[in-house]
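First the structure, in the form of structure tokens, and then the observations on it.
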Amino acid sequence: MIKVGIVGGTGYTGVELLRLLAQHPQVQLVAITSRGEAGTAVSDMFPSLRRRLDLKFEDPASADLRSCDLVFFATPNGVAMTQAPALLDAGVRVIDLAADFRIKDVAEWERWYGMSHASPDWVEKAVYGLPEHDRSGISKARLVANPGCYPTAVQLGFMPLVEAGVVDLGQLIADTKSGVSGAGRKAEIPTLFAEASDNFKAYAVPGHRHLPEIQQGLSTMAAQPVGLTFVPHLTPMIRGIHATLYARIKNDADFQRLFEERYRGEAFVDVLPPGSHPDTRSVRAANLCRIALHRPQQGKVLVVLAVIDNLVKGAAGQAVQNMNIMFGRPETEGLWQLAVLP
Amino acid sequence: MIKVGIVGGTGYTGVELLRLLAQHPQVQLVAITSRGEAGTAVSDMFPSLRRRLDLKFEDPASADLRSCDLVFFATPNGVAMTQAPALLDAGVRVIDLAADFRIKDVAEWERWYGMSHASPDWVEKAVYGLPEHDRSGISKARLVANPGCYPTAVQLGFMPLVEAGVVDLGQLIADTKSGVSGAGRKAEIPTLFAEASDNFKAYAVPGHRHLPEIQQGLSTMAAQPVGLTFVPHLTPMIRGIHATLYARIKNDADFQRLFEERYRGEAFVDVLPPGSHPDTRSVRAANLCRIALHRPQQGKVLVVLAVIDNLVKGAAGQAVQNMNIMFGRPETEGLWQLAVLP
Amino acid sequence: MIKVGIVGGTGYTGVELLRLLAQHPQVQLVAITSRGEAGTAVSDMFPSLRRRLDLKFEDPASADLRSCDLVFFATPNGVAMTQAPALLDAGVRVIDLAADFRIKDVAEWERWYGMSHASPDWVEKAVYGLPEHDRSGISKARLVANPGCYPTAVQLGFMPLVEAGVVDLGQLIADTKSGVSGAGRKAEIPTLFAEASDNFKAYAVPGHRHLPEIQQGLSTMAAQPVGLTFVPHLTPMIRGIHATLYARIKNDADFQRLFEERYRGEAFVDVLPPGSHPDTRSVRAANLCRIALHRPQQGKVLVVLAVIDNLVKGAAGQAVQNMNIMFGRPETEGLWQLAVLP
Amino acid sequence: MIKVGIVGGTGYTGVELLRLLAQHPQVQLVAITSRGEAGTAVSDMFPSLRRRLDLKFEDPASADLRSCDLVFFATPNGVAMTQAPALLDAGVRVIDLAADFRIKDVAEWERWYGMSHASPDWVEKAVYGLPEHDRSGISKARLVANPGCYPTAVQLGFMPLVEAGVVDLGQLIADTKSGVSGAGRKAEIPTLFAEASDNFKAYAVPGHRHLPEIQQGLSTMAAQPVGLTFVPHLTPMIRGIHATLYARIKNDADFQRLFEERYRGEAFVDVLPPGSHPDTRSVRAANLCRIALHRPQQGKVLVVLAVIDNLVKGAAGQAVQNMNIMFGRPETEGLWQLAVLP
């Protein structure tokens, strides 16, 4: 059994992690912390867990996280970078679901996140946890930086093209749509039901924090800098990301086959038959990315459609997948739930 | 392994049954039939099942259902009554998720469902599949009539009161609200997104087919006729039933304790602490009924709030629960998924 | 032209008032105040008003409200009772859309609203602004207490029955469902999209502040105390209230005719033909209450279905209707927009 | 008064046309036809119109459309081309809200719409009804081809750039998102609430019928062929289109000023301040297109965000705008309703 702790479990990523871990056959949930909710039963906050999870939120100061094999940080940006190092030094492995360790260029991170970094050395040691890109690195990592939701969908959608160098790397466009849970469980007016329902809008078009993360990932895959226009949109649904990706074809190829071969053997990436249009509900509550390719009017633009559940393959599910890899478990263990449709 | 067949798997009840059975460790899915979709891969119709369910819809005429231990009918009303008897006679056990065998009074059934019944004798032998009411009968049944969605929520909510005789049995009111999936996967204008979204209405107030089913159930529990006003409403959500039940108190009692004791040991009924308001998402995609009790202003009216997922505890999940009981399996086997929240 | 001011226009009631008043041919909008947003253009906060409303929020201290003929208070509870009296004393007429002047029994008000009342004398002088009940009182009022959203729907639905004394006044039940905008434009977790969407729940079953308001109104109409069980629910839609009302018949009558005659000539109450099920969208964005009657199975329980738009007939629209009455304008002036469907 | 008839008023475009025309001060609604619903009161089908519109659907054969000044066709594709010519020959002016007269290249139209055209000569005479592009042509037209919903948003968003020739005309991308009402009031499974809610997907990526219409329009504006990748998506909202447009900058310019000057004086196009993100609800139920411009990271890609209500500026509202122009009425007459927010 893997002894697991969670720091900060009161957000959507936290409750999804609890849902998955509570059903994982090789996980023993040891502790979950929350400064604000110390003493509250987890199932009082999330009634979906009633009678199945008998844990209370503990104060971070008193929780015995050092006896864990692995600690997940499901905290706001800036927390893990101050609290994880002590655990890491004590031999506990860490998966950070926030952004603290995702960007290798610390100055760049500080610019986008508006704070100075508390442990740049751990940024260097951290492994970016996109299993389909770096399974081997993750297996040996002490600290995994779990990817963001948009970056997961966009990177998986572009990866085969970028690695193969068959598209114009200076002109990539990612038009992405996210369900509202992507904004987190925070009391804010723009994500109220009466604001976000029956409504659609773009946001952060001048610059979204996931842009440098995606650019770093794609540039690594391409082994050269990549130019990307990234436009996120808020969509009136709870879960789901739909990435519509545009790339100009440089070298003609059998793109369908390229994708199928690149993802052959991947349990959590599903390349759909030609002509398909994946919908977000086909991955709702499941750890999956489904991808379809189109080349409209046989023109010069390739369109990739990629869908994930932002809370699963875009956050908690991918974190559990990384945990399985880190601890030598079968990658699908505890992650084999089918999507909930309708 | 229980060898299972499904007749008519193209509706929401069917795909939910597939989701649950595909994850059940003791089930071998042998055949699924659909007259209209024979030859189509199930996962082409329901992409959520891609790479996890490798079955094709078969023509009902050619499918080998007689080799099954159990056949589920997820068909429109009127199909099972004509097709199930031959299977039953061949020794196959049957669970009908439609209404064909729910009402013992055949004339009453014919009045509400507008057709004559093709096998009244099997109506008599059928066991009404509400496990919390008649677990023992179900365990021995050859034919189980799986309850309707509203009837499940309303009966579980009223049962402790009606059995104990502490409320006025002539004046029960059930104000019920259902998600749109309750109307089935049928192309009809009133359940289009642009009609049902951002909208709320009552329907079938003069008389809904679930009324006689509920009255029969409650009258059986009370051992006397029960008077019920039943008003269903269409709610802009996919899944979920919320039953708000009103009963006039006849004999004062510790109602909270009455419910807790009645449902002690029940895996799939959760009596919430006093003062609670269960929400439908707390049972989304889970086989559970959550119940809370209120007595506003300490008056004479008891208010019971009961929530289920209409497709799970209100249909496919309860059917699997009945299967487990019929085949001597642990009742929770394959049904232990946590609710998906948010 | 009626010179109008608005105190507190940053909530949903405020923006709806602005929408209606900006289209009212006899209204001159003089000032709108907001402590927090002073200096902000109204159309920067509500882009729906861009190019049509050229006003800035003003500081309440500096706004020239005394030159207005009428001031609307679209403020949280407790504001109008401290700020309206000075205006009233200066001869300005006032419509309060909050609850400050709705309950005649000040002690009762203080118990439900948790504060002591700052101007009990104005409570006495205030007229409760339900035009279909007291048009004449409103026409002469200096201060109108605009009814709450639930109270409008429930009172209009019960009024003909209660006035006629044909139902059991001790056993009324109001099962009400509201869109999420009823909770206001406040940053709170329970009304986030990811919490309230695809979800349904009751709330405040032990006691909701609209209960005493409804009881006062119905008791006035009945000229005797009325017993009411009131259960509100949160519904995943933006606008709309659906009240499902249950009354035990005491004296048989032609109830359909009773309603039609009671509301004959009312521009904003529409009694539907027998057998109808009004939906909330049929009054979306319109100042209307649509009502239908049912007597299921010809039994002893009468079911009344009443729908309004909580922000229009349940708030801002009714306030404008009251304004028209107070200033001798045609009651439908500026309120003649058709419902938006779909 | 303009005497108006409507052919085919049972769809969403039809009911929206009724809503607008019933509130238009210079319109007399003479007749509305529907083969299937002849004899039904319009307000029985659309209760939102109760007590405000006292018309019955008439059989197309018997309706006196020739006495009208103007007939709107709100029919499926292929109807107006067979029925409009007789009216036109009789001197009645016609606005077709379907696609029959939109594409000048008849062979191209036949390829995309899968039927042969019944009146190619009227295609030639028809004027494409985008007022901001060809107000003068419309004013003199006998037959106006009202633009599609996507084409309205995409053309208004690209028009200033294309006319000015400042972007690469071979590489335009339109990533568009539509509410579900865009699919019409047709009983079909993919647009059921339980399918389309809480879900997002692209559709028709290989080729959508609005592609040739947009290309024709943009090519006319550019006076040269234009290359466009067009990807539509189905969004879980009732109304609204959000077009996210990408263009590579060829010649640097003050793009904000370009748009502001191009649309100066346009009542129904609103260019937002730099940095804005228009949301679809800011135009809900209003005849408006709101547009914002971005140039992310000061790069080579210009991003245009354009929103309309697909049923108003994308259909019925634009048709009324065209009617006003054709009959010399003020362009905003009857179209001055504010957007409904929230």
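Order of writing sets the chain letters: A, B, C and D. Residues in each chain are counted from 1.
To be clear about the criterion, contacts are C-beta pairs under 8 Å (C-beta built on N, C-alpha and C of every residue); 3 or more make two chains touch, one makes a residue touch a chain.
Chain by chain, the UniProt names read as follows: A, B, C, D = N-acetyl-gamma-glutamyl-phosphate reductase.
Worth saying up front: this structure is predicted, and the values here are computed from it rather than measured.
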{"item": "If a chain touches chain C and chain D alike, it appears here", "value": "A, B"}
{"item": "Comparison of B-C and A-B (more C-beta pairs in contact)", "value": "B-C"}
{"item": "CA centroid of chain A to CA centroid of chain C, Å", "value": "45"}
{"item": "Inter-centroid spacing, chain B versus chain A (mean Cα positions, whole Å)", "value": "36"}
{"item": "Computed distance of Cα centres, chain C from chain B, in Å", "value": "39"}
{"item": "Multi-chain contact sites of chain A, meaning residues that touch two or more partners", "value": "12, 179, 181, 185, 194-195, 197-198, 236-239, 278-279, 281, 284, 342"}
{"item": "Of all residues in chain B, those that touch chain C in their complex", "value": "171, 173, 175, 177, 179, 194-195, 197-203, 205-207, 227, 229-231, 233, 235-240, 242, 244, 246, 248, 275, 277-281, 284, 294, 296-297, 299, 301, 303, 305, 307, 342"}
{"item": "Partner chain A, residues of chain C touching it in the complex", "value": "12, 179-181, 183, 185-189, 191-198, 236-238"}
{"item": "Footprint of chain A on chain B - complex, ascending", "value": "12, 15, 19, 22-23, 46-52, 181, 185, 197-198, 238-239, 270, 272, 278-279, 281-286, 290, 311, 336-342"}
